[in-house]
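My structure is below; once you've seen it, I'll send some questions.
All chains are identified by letter, namely A, B and C, in their written order; residue positions are counted from 1 within each chain.
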């Protein structure tokens, strides 16, 4: 509750949160909000400039850009979000098992993580896309397969810290069940670490997945997706550069919002970072450390 | 120090083995049967089961899985990755040169990243809270959210089309490096510059700074000490960034038609050229692991705590 | 002769407005040792850093500080820098973090002495070796070429003291110099500080929450609680006849602790 209060006090964090929520809602309710069919081709309207009927203009096939942007929220953000949640869940389960029980289980899980993290994310995605064929689903599978290892590592470290605390030791000593201890004593305290890590990787995941769509490995045409729209716009980049504006700006703003939110979340969970100096430093440092983790 | 290096190398070997095994397994999941693919590539008119059986025999594809893996690994160690399904060349002929093109782009970008991260990080730390610090921080924060391919396209539109200063794509001479390097570096500079800035600021509050001041040292001397300690972070960042960038140049290569291993891999995926994909995955992953190892060792060499540890 | 005088020192945090040190005044005579005691968080370190004007920028201070009748509070940062080291010198609690971890010890010693004296490298080395030997550090020459992490906390603490011997500051501030040490190193450091007292004219401000050491080393004691001075008197008087409740409490807790300690020792002897 205190966290929510802290977050609420942070203006930028609050604005980012509301913005992200809004964007997600727009994506969920795209069919009701979108003014046109995102797939409807109308060759008469090719490259039409913005008008009252088509607020953002029309693309090379005369499709309504605004509607495509709205539908594009689904693969570009919502599905990425789902993939993130899934990999965090897998990572959390593995991290908890490793950090709580230690011993051989821990060793095995960590060695698997080591190997998974020895592949750069793009490389493994390309390998999986090569086997399963291009498609958004396959990319998301690749991401879930890769990212859980990263989360597992971080969550394990965090769990290990708390397992050593006296009240956890006490709970173990009086014979409480493992499930009880994890659910009651460890999950609540590690939750903040999980939330911060997850939120800080959302931005980079959006960028990476839209990048793969841009390469033509993601969602299949004619379905709208922001990276894909940029890829289509690139074909006519020299004659119609304005087509690159809407999807590009949208990605930048959404990723920025996620980055701001993750910064604020960190401060909210750990108020002593409120001092301006620390605050500006911490997040990227953690990111780099995480990348180092990934690299190891 | 010697012990540390040996240990670090010893850890790397099993990881490399696991990585290669996983690569092998992954690609053997591919839906197309290798024998069939090869026959297709050789443009054999009618592919009979018999012919496939013969080819399997010839290529050792009937042997147990693990033996196949060892054979394959031995070949790979001699840079023999087989022949491309699609092009009439050996895989190494395709992958080798493009890997080095990627490496060039990576190294130049890393140098640019480290140079600017340190420069801007130090400026901002010394000017903490002042207007320059705030502006730079905001600009760089925004840049971390910009997709590389979009940035690349904007750079092309502006510098190549509008100003006609630089080539739009390809790899021909020094000039063609500029835009791809900028597109690759900017996002990373945004991340690493903040790290260096906060390393400087953290050092600012260290005990040794207070003790230095209480001994009456000049601000200049103290700044030199802070720099010295922060630089360590910078160098480890430099080493870290190489493998990360190496694994992520696919997009930039695509935008600027850079003849690197990333472009090659996309081409291979679209034409289902599995040996090339396999070689790509293996080479980049191995490079990634090895660069990480080097980065750890360099890092240790810079840290007197580990350097002088003789145990 | 009065060497240091602090009048109405106030320190507060500009972000939160919290007052950390409240209206503190005290005097220090030449060659005397003043101990500041109080539980952790009571503002002892902040007071000392305020005297040296070394608190973080987020802490503001008002009040008058006179070193040999010169008002430090009026000096610019530049003039203040000339005072530090040569006239006012501070030893930190944790020797392990007090030296730049990426340089050998000698770098700091040399830079400091070069700042304050026109000595050549050889001369500096000689003086340092002599000083280090007098605080019982053997192989001084080799020690100077070691990195901080290769030495123990006690050794680093004594190196800081040795530097004080060469600098001969008017006031030496030692901020809990023994807290981070094990008992034996504590004893050695205290020993050296006592020796300094005998050999130098320097006045010492000694911060500690170990009342045993304080009783041994200090001429006067100043008791702080929550940023305020609650009692200030001769060591003798304070220990024999504490006035303030808090002082009584401190002395009693210590007595209880050491009685407890004796009991434990006795028991373990009998077993």
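Quick note on the criterion: a residue touches a chain if its C-beta (ideal position, glycine included) is under 8 Å from a C-beta of that chain, and two chains touch if they have at least 3 such contacts.
Please read these numbers as outputs of a predicted model, since none were measured by experiment.
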| item | value |
| --- | --- |
| Any chain that touches chain B and chain A | none |
| Farthest chain (mean CA position) relative to chain A | C |
| Where chain A and chain B are represented by their mean Cα positions, the distance between them in whole Å | 22 |
| Gap in Å, rounded to a whole number, between the CA centres of chain C and chain A | 51 |
| Contact set on chain B toward chain C in their complex | 205-208, 210-219, 221, 225, 228-229, 232, 304-305, 308 |
| Complex interface listing, chain B residues touching chain A | 15, 18-19, 22-23, 26-27, 29-31, 128-129, 137, 141-142, 144-150, 153-154, 156-157, 161, 191-192, 194-195, 197-199, 201-202, 237, 240, 243-244, 246-248, 250-251, 254-255, 262, 265-266, 268-270, 272, 274, 277, 280-281, 284-285, 288-289, 292, 295-296 |
| Touching residues on chain A, where the partner in the complex is chain B | 111, 114-115, 118-124, 126-131, 134, 203, 207, 210-211, 214-217, 227, 230, 234, 237-238, 241, 244, 248, 251-253, 255-256, 259, 276-278, 280-285, 287-288, 291-292, 294-296 |
| Chain B-touching residues of chain C, taken from the complex the two chains share | 49, 52, 54, 56, 81-86, 88-90, 92, 94, 97-103, 108, 111-112, 115-116, 147, 149-150, 160, 163, 167, 173 |
